[in-house]
């Protein structure tokens, strides 16, 4: 699916990522583990094209995403989405959740399929009422479900899961990971699962890469 | 730290160049011919030849950027030119008048900080209690009073009715009470409001709960733990208020007939004494920049996070 | 003596729009000379419960009922009197160590301030604080005292907080979510730290946590809290859970296979007649919707579930 | 408490506005009509609030007295806000060199004490409503820019703005749909407070003879006109001064009320 090679990134004197190489295969869940400060979030931002690496390549569908300009990148943007650890801060507090969830569709000139949204809401065991609420009015589990729905509406091929449950309660964590797993099987998606919790990683993923001292081992 | 200082010095330099440009431009857009204005006296109109000669003498025949450079060069030598109306050196006038304004500003900033901070602290500690509501009411009222009106009312009450304070002129401490108080009430009440809300903001933080749970005295809790944190935003604002006070002094000096740089600035507008007006704008700006920069330094000294960046316990 | 006894205790947070009932009809004894853990997920009311013992709830919290300590109803005391319990009787270790110290004061001042309650001699204070810090594993205590909080790591900050809390020798220590946000390896240190408290002469501790492993390894007695109520308490609750919620909660841990417990907690604004867990419960009967269960004795636990009602 | 005061202030402001708009209908006299027989009359049946040194009816002049200042104050603040917010948003959102440039310019305009700067500009430009507005705008736009920039920076740091990038939003739509709605409460409060403050500046300038010009019936001009007489006839300054005070007090109270509604700390915006 995606091949990352020789990735380096420093901020100031601090080397955050040092020669990162890995390949994500189609339909697999690849875990990347590491302590806080090992550059996990930086890595996901680079794959998303939010920051440029100092060196290295990210090959997706035969194209090196690193060297793409803003306009060219847009074509691939929708294919790679992310679910983050603090979902409530990933929704505009002044906007109702229902609007936030469908807003990205128009950015990619996609039509809203009401049936599909309804199905997703049902599948995620959400109450339709949450769409009429604001981010601070719903629980962490609910908003994380919505952020997954928001990403899925774009039909991405790759999901980066950046500690998607580390701010959630254990019972909610189990619920969310279960949903993610089901979707991955149903749609044959590829996940990059970033986590610090080895126990979760062992249950959830097919393959594990350890990011230590800014290197993969 | 070093980078921070270099950045800071750079931005101060840009600001200084900027305000000198603005002051210079004031002279450029001012109505009337400077050469003519500088020659005319009461009952005397200069001849065209005289004006032309003066124009060359003042360098007004040169391109505008050269004029600016010359103007700045003169200022750096301490020469702001000659007053159009009194024909005196502007520098001498400023030196004579500045101490009055300086004294007024100092009194006002002291009143602003002492009363503003204390009232704010008292109100914040007693949030939503009667004393807080009273302080809120008073500050809200003071905050909306036009300075010049208040000054006139003071004169009516304390000079006319009670006869305890002198109305005008420059004498000792007594002469400064009414001007300084009327000049500082708005800034004082704003300081109190900001101090209050800054205290309350700190009460919501975890360190406050922890400090309170330690069982320490109210004094230790509020004054030693909360106040130093809560006062940081207030310091910045006090720096800004120095500017408000410096500018507002023009009004107060006019009413109380204090011969400071502000009251003459108002006069200079009417007498078209633009060299003075330019000097006034530039120098008050300079003083303001100086004070706000000092406040920035003070905040760095108080806040160890910037000062000790990188010094971590292993 | 020294037990903390709740009697019909409630905490409400009333805002313009709603009334959040955080702690509901609490009747509970937290015994002294023990490490007690209150375990629960976010929003269950566990932190509010500990803050209400300390009297540190925010202004807009309304409480009813009583809390007895040493046979005195501490909720009836004047604020001035109640505040005297802080530091001297009740020590508190707050969550988020990185935000729990004043950011612009040196550790020294924040440490001494607390010791000052029990010791007036300056030299003695310094000696004692160095002793405590050494005991807590700092090799250079003097250097630590001269640091600002942001110059320490999360684990170090937590040790400093603990040192401050125990320095005035309170009878009780209350710790709020001590492992929240800490890296795995620091969590282990944290466990050691709390086990050590006894060696400082503090044997009554209440730990509020969502971390089941931490509670299991540390506590003599565990209380599980759900939606404002204690649903189960006893000495082997986490090894041998009885309440359907406790079971589901434990089974959703990754190490236990992450089994899913469906549904979500009832909103704290919602009042119902029956059991507050009934909407998610697999063992639900008719009775669960009609009647609110009490805590029933079963083996060596007390369980708030009709399954364990032997009709006593 | 704040709620009652807030609503009261709205009512007072509406009354002040209505009185100013319909001044020609309400006022008993032409504000510039000089009743030469009745100078400094004190409160009488014909002149409820007395007359001024030229025999003009005080009540009529007070009724007219808010017109020019309020109009100038509101206009000047709106213009400053538009310029300042625009600059602030561009500078805060795009960052980089543009930000450095705009910030430098704002710093320069903020480095001059506002009143001193306004006096100088008003003095150099000469009297007139347009010039007065211009002077106020030049000396106050930078304040808006600085605060709006800071607010934009705060919002921009929020993860949901970054999220909009990989969710495909353009800069323009991020600014329009996510930045502006989130800083709007602050801008509204800022606008309210600043209208109050520019009314104070206008009043001071008019009093100094640099703002609204006589014989225009204006509260501050009335106070200035009375400077030789007010010691013997305090009512000459009390009534117009009180009108300024009530207007500004209502605006500030409204600002407080809005702050409460939007739940915003006061030191963020002054």
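Here are a few things to note about the model shown:
Order of writing sets the chain letters: A, B, C and D. Residues in each chain are counted from 1.
The rule is simple: a contact is a pair of C-beta atoms (placed from the backbone, for glycine too) under 8 Å apart; a residue touches a chain by one contact, two chains touch by 3 or more.
Values in this document were obtained by computation on a predicted structure and should not be read as measured data.
Among the remaining chains, not one touches chain A and also chain D.
Put simply, the chain farthest from chain D by mean CA position is C. Ranked by number of C-beta pairs in contact, the top chain pair is B-D.
Centroids built from CA atoms put chain D at 20 Å from chain B. In whole angstrom, the spacing between the mean C-alpha positions of chain C and chain D is 53. Under the touch rule stated earlier, the contacting chain pairs are A-C, A-D, B-C, B-D. By the touch rule above, chain A contacts chain D in their complex via residues 48-50, 74, 77-78, 80-82, 84, 86, 89-95, 103-104, 107-108, 150, 154. Partner chain B is touched in their complex by these residues of chain C: 54, 56, 59, 83-88, 90-92, 94-96, 99-105, 109-110, 113-114, 116-117, 143-144, 147-148, 150-153, 156, 161, 164-165, 168.
Across the complex, chain C is touched by residues 127-128, 205-207, 209-216, 220, 224-225, 228-229, 232, 302-305, 308, 311-313 of chain B. Residue ranges on chain D touching chain A, taken from their complex, read 158-160, 162-170, 173, 177-178, 181-182. Chain A contributes residues 35-36, 125, 139-142, 169-175, 177-178, 196-197, 199-200, 202-203 to its touches with chain C in the complex.
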